[in-house]
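I've put the structures underneath this note.
Heads up, the next two complexes both have subunit A, just with different partners, subunit B and then subunit C.
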Partner chain A sequence: MSIIIKRSLSQGIRKLFVYTVLVLAAILLLFPIITMLCNAMMESREVIEAYAFLGSGVKIEGNIGLKLIPDKVTLIQYYNVLFRKPTFLMMFWNSVIITVPIVVGQIVVSVLGAYAFAKLKFPLREPLFFTYIIVMLMPFQVTLVPNFIMLRQLKLLGSYAAVILPGIFSTFGVFLLRQFMVQIPDEYCEAAKMDGAGYFFTFFKIILPQCKGAVASLAILVFIDNWNIVEQPLIFLDNASKYPLSVFLSQINLSELGVAFACGVLFMLPALLVFLYGENYLVEGIQHSGLK
Partner chain B sequence: MKKQHSHGPFLKLKTKEALAGLGFALPSLAGFGLFFVVPFFLSLYYCFTEGIGDMRFVGLKNFQSLFQSSSFRLALKNTLRFTVLSLPLIFIVSLSFALILNTKMKGLPFFRSLFILPLVIPVASVILVWQIVFHDKGFLNTVLSFWGIPAIDWLNSENALAILIMLYIWKNCGYNMILLLAGLNNIPKEYYESARIDGAGSLLCFWKITLPYLAPSGFFVLVISIINAFKVFRESYQLAGNYPHQSIYMLQNFMNNNFHNLSLQRLSTAALLMLIIIGLLVSFLFRIEARMRRNLS
Partner chain C sequence: MTGSKKSIIKHTAIVFLLTTLLLTFFSRTINQYLLPEVEVRLASRGTLQNETKASGEVKILHTKKIYSPGSLDIKEVHVKKGDTVSSGAILLTVDTSQAKLEIKSMELELLRLRNDLKDYEESLKPFDAVPYENEIALAQKTVEREKQNLDIIRAIYSKDVQDHIDAASERVKQAKKDLIDKEKLLEEKKKEAENEKEVYERTVKEMKLAIAIKDMEIGQVLENHSNLSYDDQLILLNRLELEYQQLKNQLEIYKLNYTPIDITFYEEAITIAKETLAQEEENLKQVIESYEQSSENRLRLFNAQCSLENAEVALMEKQEQLIKKQEESLSEQERLARNISEKKAEIQFKSQQLDNLKKSIPKDGKITAPCEGVIRSVGVESGQISNNQQVLFEILESDSTFSVQWLMNPAQSEHVKAGDKVSLKIKGESDIYIDGLVDEKTFSSAHGMYLFTSDISAQAEYPLEEGQEVEVTIQEASKSYDLIVPTRCISMQNGMNYIFVLRERQGALGHEYYVEQVNVTIIESDVLNTAINGYINPEDKVVVDSSKALFHNAQVKLR
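== the complex of A and B ==
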């Protein structure tokens, strides 16, 4: 065998191996999503039969514990969730009124703050930014305690504000947008200054237009993080009726298994849409979250 | 120069910029101070006091009693064990996929998208699937029984930790992969070309070029992974509720219980301890990275 054929053969085997690994990984990654989608298209009776063991602990003979292909495709579960189970819509709304203010608030606060940290020299700028990074790197177990102490002082515990306010002032937004803004050449701001532009003008006409992508990245990252919020509602909200879906879904009653799948699908839908429309922003945002 | 005069003689350009800077940063600084800095110092005060209302200084007694609490020790041990076990695993997995996706083969962008997908999927929306798979009588045990492997109660045994590690990798692998891919892209292609000309194989290239130059992103990935490891409570809570098997009783579980008892002294003490532990871990990593960077240049 000539060397060339040998080499292309070994390359072919290598390619085959790589694709096999990729496909297997992809199946594993997609498995839960596909399972949710498939089961959401089944009737309650069918789902309850397939997963009877979850409730009673008894397994029906010949049941392998997973069912992907519906006997009969139906959208009845979605109908049930949307029109006959008000709790789901209530919890969905809870998720919305927690997530949207955090995303909007954090963007406004962070855009202003990031401009200051990236382009304006003020006293203690560097040590303050360093503190921001430290706090950003701290897990919830550390930051939730100070949050809690202050929220108690302000008598905000139990209200949505208790979850929303600390979320708005998370330092991640300032950090991420600053990473983008320092890349804007200083000459742009200098030139504006030469033309007599004030700081507000420079901010709105020069910095902001160049940061649209960055703001989109931040919005997506903050949305994803808070759509999935668990710790804060559990600690700061006093009433389970105020819980967002991210806390509520795992407590769903097994007798409602039929709608549970449809609930899950509807809950991941906004996140999926954000991903489909903004994957590139998401990737860019993650890349800029790398400390440099 | 003319402009400078028009601003008046009292406000120098520099002070003006400083004022503007503080003004723009004000909302952020105010909120940060109110919800993080000020209460942090309050919580420091809690660490060394005792009693409600009339608080007495007690020195290190709170730390002592925290370490005497078996539930805290369990939570700390589990969290550290989880971190130590999951860190190398997720790093190897993310790096392998990043290396594969960095080659020029067909269809790779499609796979890249797939690997990022779990990142955006809320854990709560698919947790039911994991409950079905890992249930005592669930899918995994059924499949294993075909090979005659006896059923394992995955979630109510030591295996719960393994499940949690798997969920953690499922969720966070994509994030790390993106960071590592960006790092790989930053390595100049010429390095590889000149190494090839010198007759270096791909394994040697990997050890001598890829790994050292990937170090900055690699270290950041490790830092992020440590932070995410402390966040794994989300998965643990959704999988097993407030009272999981003791092998996955994490620090956040411990904190939650204390939030409900309103034992602020204990919470503050635990938070301070964690701050110290994570601070040490992260600064240790950064120190190694700085040394490696110096060696490289």
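== the complex of A and C ==
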């Protein structure tokens, strides 16, 4: 009896420790978001006074005091963003224009590519897939210059296509879906073949319905990734009116610090909604693709 | 995930997207309403026009004013304003009969004053003190005589009595002195007796103490000297008893020999001295009483003293009378002298007045023009009586000119020089605007300012009046500057001057205007524009007016 009590006690203590660590980690991770939400409800004057040191050029020593409780709760920053800053709205749609085609295009390309790598047998399949993985592992900056040269040759620089096309042909989606499709038994495909189904029929009727979760998770990941895109638009677009919202946020200066917090909240909202909507698919897709 | 949660998220996303879409659609419209509307001007190269304003008045040169020489009864005025007259032309006729009567009256008054003066001068004589001095000399002689008489009476009647009184007084004094000496002697003896008694008591006390000590020594020998042999003890004891007996004997002898000082004798001597003094005082009293009892002597002496006093009083009265008379005479002389000087001044004034009156009457009762010219003003009318020094006529001479004069302080007038252009606004029923030049610049030490003159004789056709107010504007061009902007576009913050420069950029809504805050340094300003230094180009547009407050990088729209 005493052994059971001891064991349950030690398990309880372990749980308490684990929960404490997790709660602390959660607070730590959520702290920037909490700060942003709180500061978005302050007046510009209050925000500027609280973070004046950011633009002073003076080296800050010791702890930087973050202000979380507003002197007067107000939604004036949201009003400023939505009514007095048409730039925000225009760039929001720029983000939509860039992100949605990338997501759709990448799903289409990735699904087909993954099917080929997973279920079709052709020469140099494995070395080609290996190359895909190598490209995926490379950071963006490595392929930046070749991409830039290619886009210039294609005379696409300065247009949305300059950002969308490289995004569509990302290798990550192919890898993710290929890993998922490999787990689907080949017998399904063989049975369909025996019943006279072609490759596309098999793909659309057999494989794709089973990959819905993975496709959804890919869509979420790609959406979040491209919603936050900064470098590509800055390099490939020459007109500021085509910049997405993520670039706008990085360019808000100190005098508009209050607006920056409200912009941050509004910027975060679409990505959050997408994530919440496809949360289950995301988990499922990552689990079955072996990324976990 | 439950279906309701998904539904909420879906609805939220739709609302968010629709709201964003709607706001985007109206964004340009909203922007047009909310953006500050600005008015801009081009910065330019050029010069500033420095304007200096001053207030002056019209002056007329070469005019002749004819003043009334006195109070004139104007019979007839022969000219009117604007008439042209030649030198010597009759301007007005005066009625002189009243003035002549006035002259006669003044001559009579003058004669009366001269007679009064003569009377005062005759009355002014020095004071004669001789009779009063003679009276004082007589009174002094009387006083001398009465003094001699008193001395003689005193010498005859009181010599013996006085001797007796003196002798008695001398004896009283001697007796008093004797008494005092004896009292002093008694005091000395008393002190001496006290001292001797004190010495006696102290000596007796010492001897008694020595006897007691010897007695104690004998007692000690009897009790404690066991280390001595019996014989030695016996010898010592005998010696001590011997010394003890000797001391006792000395004390007895001393007591017997002591005799205190007897002061009874001295006290008796004082009593005798007191009795002698009382006797002498009684004697003196009797002598004085016997003197006072001789009344005849006293009466004569009293009479003599009274006579002397009366004589002295009479002398003093005479002396006071003399002083009083002298003071009265002095006062009278001062009054007469004042009257004389007053009459002299009055005569002088009246004489001058008479002369002026005689001069004020024009020859033949006519006033004529002193020069050739045009009558500018006529100050009198027929039948009026003019005041002395009243301007009767003002004649504008044939060669008269107009000018405008104004004063400016040295700081203001530093850059203004002869030859500068001036705009003159001559104020009147209808303002007259004339452009002219600064003709003369002189320093007026009376005002501590510069006096400027602009000759406007060329514009003499205007109906100008002397003293008309003139607003003078002097225009002066500055040196050439690279950047000149309207003064109203310059603002100041934290001691720094800045302007907003209009810039263009490609924004989210396409081509847009915004303002850039540029710090500038002011070099010079005139009324409208300012020359500046700063990081802007001459072709930049600067904001001169805005419908809302601006800030650096603020998006704006053009008015």
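Simple rule for what comes next: the second predicted complex is superposed on the first by the 247 of 292 C-alpha atoms of A that agree within 3 Å, B and C clash if a C-alpha of one lies under 4 Å from a C-alpha of the other, contacts with A are read in each partner's own complex, and residues count from 1 in each chain.
One rule holds in what follows: a contact is a pair of C-beta atoms (placed from the backbone, for glycine too) under 8 Å apart; a residue touches a chain by one contact, two chains touch by 3 or more.
Worth saying up front: this structure is predicted, and the values here are computed from it rather than measured.
Engineer: Could you check whether subunit B and subunit C clash or fit when both are placed on subunit A?
Structural biologist: Fit.
Engineer: Would you check which partner chain A:Ser10 touches, where first means subunit B only, second means subunit C only, and both and neither mean what they say?
Structural biologist: Neither partner.
Engineer: Could you let me know whether more residues of subunit A are touched by subunit B or by subunit C?
Structural biologist: Of subunit B and subunit C, the partner in contact with more residues of subunit A is B.
Engineer: A:Val142 contacts which: subunit B (first), subunit C (second), both, neither?
Structural biologist: After superposition on chain A, A:Val142 lies in contact with subunit B alone.
Engineer: After the fit on chain A, how big is the angle at subunit A between subunit B and subunit C, using C-alpha centres and going to the nearest 10 degrees?
Structural biologist: Reported to the nearest 10, the angle reads 100 degrees.
Engineer: Would you check which partner chain A:Gln183 touches, where first means subunit B only, second means subunit C only, and both and neither mean what they say?
Structural biologist: A:Gln183 contacts neither subunit B nor subunit C.
Engineer: State whether A:Glu231 touches subunit B only (first), subunit C only (second), both chains, or neither.
Structural biologist: After superposition on chain A, A:Glu231 lies in contact with subunit B alone.
Engineer: Could you say whether A:Glu279 touches subunit B, subunit C, both of them, or neither, answering first, second, both or neither?
Structural biologist: Both subunit B and subunit C are touched by A:Glu279.
Engineer: Looking at the overlay, what does A:Phe83 touch: subunit B (first), subunit C (second), both, or neither?
Structural biologist: second
Engineer: Using the touch definition from the top, say if A:Ala26 reaches subunit B (first), subunit C (second), both or neither.
Structural biologist: Only subunit B; A:Ala26 stays clear of subunit C.
Engineer: In the superposition described above, what is the shortest C-alpha distance between subunit B and subunit C in Å? Please give a whole number.
Structural biologist: 14
Engineer: Residue overlap on subunit A between the subunit B contact set and the subunit C contact set?
Structural biologist: Touching subunit B in the first complex and subunit C in the second, residues 248, 274, 279 of subunit A appear in both lists.
Engineer: For the complex, give me every residue of subunit A touching subunit C.
Structural biologist: Residues in contact with subunit C: 82-84, 86-93, 239-241, 248, 253, 255, 269-270, 273-274, 276-277, 279-280.
Engineer: For a test of understanding, state which residues of subunit B touch subunit A in their complex under the given definition.
Structural biologist: Subunit B reaches subunit A through residues 3, 14, 17-29, 31-32, 34-40, 42-43, 46, 97, 100, 103, 105, 111, 113-133, 135-143, 170, 175, 178-179, 182-183, 216-217, 220, 223-224, 227, 230-231, 233-234, 237-239, 241, 251-252, 255-256, 259, 264, 267-268, 270-271, 274-275, 278-279, 282.
Engineer: Over in the complex, which subunit A residues touch subunit B? Could you list them?
Structural biologist: So the residues of subunit A in touch with subunit B come to 15, 18-19, 21-22, 25-26, 28-33, 35-36, 51, 53-54, 57-59, 63-66, 108-110, 112-113, 115-117, 120-123, 125, 128, 131-132, 134-135, 137-151, 153, 165-166, 168-169, 171, 174, 193-194, 196, 199, 203, 224, 227-228, 230-231, 234-235, 245-252, 260-261, 263-265, 267-268, 271-272, 274-275, 279, 282-283, 286-287, 289-292.
Engineer: State the interface residues of subunit C toward subunit A in the complex, per the touch definition above.
Structural biologist: Contacts found on subunit C: 1, 5-6, 9-10, 12-13, 16, 20, 23-24, 27-28, 30-31, 34, 505-510, 551-553.
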